[in-house]
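Chain nomenclature is as follows: A, B, C and D, assigned in order of appearance, with residue numbering initiated at 1 for each chain independently.
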Amino acid sequence: MLAVEGLTAAYGSITVLRDASLFIEPGQIVTLIGANGAGKTTLMRSIAGLHKPTAGRVRFNGEDITGLRAHKVIRKGLCLIPEGRQLFSNLSVMDNLLLGSLGNTKKQKKTAVEARVEELMTVFPRLKERAHQLAGTLSGGEQQMLAIARGLMANPRYVMLDEPSLGLAPIIVEEVFSLIQKLNKTGVSIFLVEQNAFAALRISHRGYVLENGRVVREGIAADLLNDEEIRYHYLGGKAV
Amino acid sequence: MDIFWQIIISGITSGSIYALVGLGLGLIYNVSKVINLAQGEFLTFGALLLVSMISFKLPLIIAIPIVLVIAALLGLAFERLAIRPAWQSSTTVLLITTLAVSIILKGIAMLIWGKDPLSLPSFSGEVPLKLGEVVIATQTFWVIGVLLIVAGLSWFFFNRTLAGKAILAVAENRDASALVGINNRLAVQVSFALSALVGALAGAVVTPITFVSYDGGTMIGLKGFIALTLGGMESIWGGIVGGLILGLIEALGAGYISAQFKDLLAFILLIMLLYLRPAGILGGALKKG
Amino acid sequence: MKQALLSINDVSKKFGGLQAVDEVSLQVQKGQIKALVGPNGAGKTTLFNLITGAHLSDQGTIAFSGKDITGSPPHKVNEYGMARTFQILRLFNKLTALENVKVGCHRWTKVGLVHGCLRTSVVRREEKIITEKSMECLERVGLADSAHKLAGNLPLGKRKLLEVARALASDPELLLLDEPAAGLNDKETDELLHRIWAIRDSGVTVLIIEHNMNLVMRLSDEVAVLNYGRKIADGKPAEIQNNPEVISAYLGTGVS
Amino acid sequence: MIVQLWAKFRNSLASWGIWLVFGLILVLPLVGLSEHYISLLTLSAVLALAVLGIDLLMGYTGLLSLGQAGFMAIGAYTSAILTVRYGVGAIPALIAAQAITLVTAVFIGKAVLRLKGYHLAIATLAFSVIMEQLLVNLRNLTGGPSGLAGVPSLSVGQISVTGGQSLFYLCMFAVMVAIFLLKNLTNCRVGRAWQAIAGDELAAATLSINTDNFKLLAFVISACLAAFSGSLYAHYMHFIAPEMVGMQASLNLVVMTALGGAGTLWGPLLGVVLLTFLPDFIAYLQNFQLIINGLVLLISIVFFPGGLAGLLTYLYNMIVERLFGRKEYLNGGGTKNEASSPVN
């Protein structure tokens, strides 16, 4: 279980996350929605160890991982696939995947790493075709797939995805969402930040709404989905 | 024609030194975005340490590894004591931090080895090799050999080992590298240690050719910076390519135009290149790796 | 039909393989508040950058007050009468709030080197006017009491308003606001709404990028919607709200 | 009431303090300061002009130039060559030096100011090295590596400023005028434009500031100050050699500026004085001098990015806080170092 308790984070003197609490139970998909600048990315970065929170706790499987640096957080089995993919675009697809294996809990044998690459290549056949191309030459959709695959190389039990559908064509977005569901069925818990709120909530168990750095709503995804309030926030007025 | 080959050989020799300094600078720059103005001092220390080791009657085969180990430790200490405290600062502050370190290192060198220039006998005898009319000092082979070995090892490290690729990953995207489990701080430390080691190695092999004194590193460090800028700062290989080109141009300029103006030529070339192609020769075309 | 204040025709911009803005045409009429909305990555900020000269467009023309300004550098664009704010704030953090706004007065002030060095009466008079004008701009966004604080130390909400004040100081005819409400709470957002109305009422035309649809619907006279770099709708807020293409762009196509 | 009075006093202190210090320095020779220290103060004043130029670039406009001594060289050598070789008067020579610098700075500025950060630093440094090399190699004109000796004292018409106190007062006067002008300039539209460019170039441009022109203006003013400093330097030393105005000198000037605290006009002056006097005070530690210089620079730059000026401002604020039990900052709302931009 991943639990965030009263997390507060700031950049310089500017607080962007205030006393945020939420939890993700094993096997669930949980979506966090909210407007731009609400603090979603900061929340994820704080959990993943890229940003030091000023107050609050992050507990992962009972262990306090608050303020642990990112390269150690991934070794606990908690992986962030960041906004905008953040691939190593000057390295090959294969190298990106191999580097992903560094995040494993224990040092992997070469054969184990290769087996894992093979396994992921069957999930993402297009990456196999392009294994020796530079990551920067892939299309947007392929890059997103590679980012996810790179994260999965570490065999994480919990995966956080920050805006995985950003800038992708609708058909690819559907593919990404079905992939997330598949992944979840294999027992991986998912924490999702999405602009595409309704699509995200449709595949989620639970959801949270973040506003101005605070968690203002939480609940079963289906309830949020039918909530006039949420529609109101995203489309304005109640005319829809 | 003989003069031409003589010039080419001398150009490649000094170019190899610039290349080694440029490689070290480029490594640090790409991993930590710091331009290290103390890179030339690594070379000075390598040279002067070797002079001391030899004066203790240590054979080269033992002396050089000791020098390299000390240099690597020096690089680590540099990173820990000067760079890490200033980590969050602006480009200007970081640049001046390395400038301060270069002054301190010069001061230490002066204290230990004095102000007089020192030199060493050639590693394999003073009798030069003659190819027709072209005369080649044996130390030249050492210098070029070291560059070839270092370049080869670097190629292997960055293209064939996961550790090398991890360093390239840090150079490209620090957030992403941390997220896949790479310890960025360790990568920065490794880059400083390797860079100091390469610099010291360059110093060790060049000493028999030129005299080295406590403040001789500044100019060579600058030449390395020019080499890196010529080749392209964003590439690990920029320093090597730029260094060789710089050495050749200097030698050709000195041979065919005027020996007095060889430094001038290098710097004018730099300004012209920055004006025409700020990303350097390799810029964009061939990136990291 | 009267001539539009800002008229964009078939403008496109490609970054690498990504078509960020794709043949967008857009008109802003004098005196109106027009909103530009769309999901993240739809090309709204890129369009702003093309209008204000921060990027060069690959094709198309941009006209302001009937004058072709395609390809003008940013400082010219401001001189013509357009001022903007930024989504990721670009304040001068080491200057005070007042000094930030004073920089905004650059467009209509004249003092040069000689007068500046000697601090002649010309300078003193101009500085007095600048200070008054800047304080007035700070008051217009409600920041008068933060005038002497460093911009970098203000909380996010105030920093956003400070950028608006700084843009206003250049006396623009057209004000471009890039997500001014992002990160503001409901009360601040409501306040912002009234301030933007007041700015419009003072004769400034406003083009605004905003995610907060609630704000957009109340605020604007017209709304244009971008998706994947293309304009998919343009019209009155009520029409936009009921446009099926817009709804699907926003809520996402159903995936079950 | 007391607080208000204090605030008033403090504000006037901030604007008048620098003149107060100048006043104190000006009376020093009258109360019997030794020739030696007067001479060091004169040297500080000469170098201060060049350092003020760097401060304008580095502290106000955010441009890192490592080539300032190259312009000092133009000033020093134009003055020296014209007075020594052609018997031109010191003042016409100085004016000629300024003219040559103006033209050179415009050309160099147009070429290098397109560059940013490290590229600008190396390009300006290259300019400095090129100048040094030219001075070494154009022997017929410059006297080569051994330099030019016999530069006459500065003279205005029949009045000759032979050195000692008169030269001291002249140089101090020059610095005070420079400070006065720069203070005015940085406090009006022009100075704000520079600071805006340092803060955020794109934002500055979207506010009608023609960034290319303003950067060039700062560069040219800075170069002219350096050349002026160079001219005085040649007259002060009666001698000029390439390494006095070479690459190392360029670096030293930047070190002085950074150590003192770029972005305040008075900070860099502290840097100049400290680094001019330090070698004298610790002469018995001669062998350690480089190490001490380096350590002082390292510690001040790493721990006080505002340099000595930042440190003193911090101490001043702390004392005020202790004495009056309340927070009071010159700029309001916290120290400058806290400013950082939010990312989300």
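For the reader, a short list of remarks on this structure follows.
As a working rule, a residue touches a chain if its C-beta (ideal position, glycine included) is under 8 Å from a C-beta of that chain, and two chains touch if they have at least 3 such contacts.
Fair warning: this is a prediction, and the values are worked out from it, not measured in the lab.
Hopping across touching chains, the smallest step count from chain B to chain C is 2.
Ranking every chain by how far its Cα centroid lies from the centroid of chain B, the top place goes to C. In terms of C-beta pairs in contact, the better-connected of the chain pairs B-D and A-B is B-D. Centroids built from CA atoms put chain C at 32 Å from chain A. Computed from the mean C-alpha positions, the centre of chain A lies at a distance of 52 Å from the centre of chain D.
Measuring from the averaged C-alpha position of chain A to that of chain B gives a distance of 42 Å.
For chain C, residues that reach two or more other chains under the stated contact definition are 152-153, 156, 159, 183. Looking at chain A, residues 12-14, 16, 37, 39 sit in touch with two or more other chains. Chain contacts: chain B has no residue touching two or more partner chains. Those residues of chain C that touch chain D in the shared complex are 52, 54, 73-75, 77-79, 83-84, 86, 88-96, 99, 102-107, 109, 111-113, 115-119, 123, 126-127, 130, 148-154, 156, 159, 166-167, 170, 183.
Every residue of chain B that touches chain A in the complex is listed here, in rising order: 162, 165-166, 168-169, 172-173, 175-184, 287-289.
Listing the residues of chain A that touch chain C in their complex gives 12-16, 35-39, 139-140, 163, 165-167, 169-170, 173-174, 177-178, 195-200, 202-203, 211-213, 232-237, 239-240. Interface of chain D with chain B (complex): residues 58, 64, 111-112, 114-115, 117-119, 121-123, 125-127, 129-130, 133-134, 136-137, 247-248, 251, 254-255, 258, 262, 287-295, 297-298, 301-303, 305.
Across the complex, chain A is touched by residues 17-18, 39-41, 152-153, 155-156, 159, 179, 182-185, 211-218, 228, 237-238, 241-242, 247, 250-256 of chain C.
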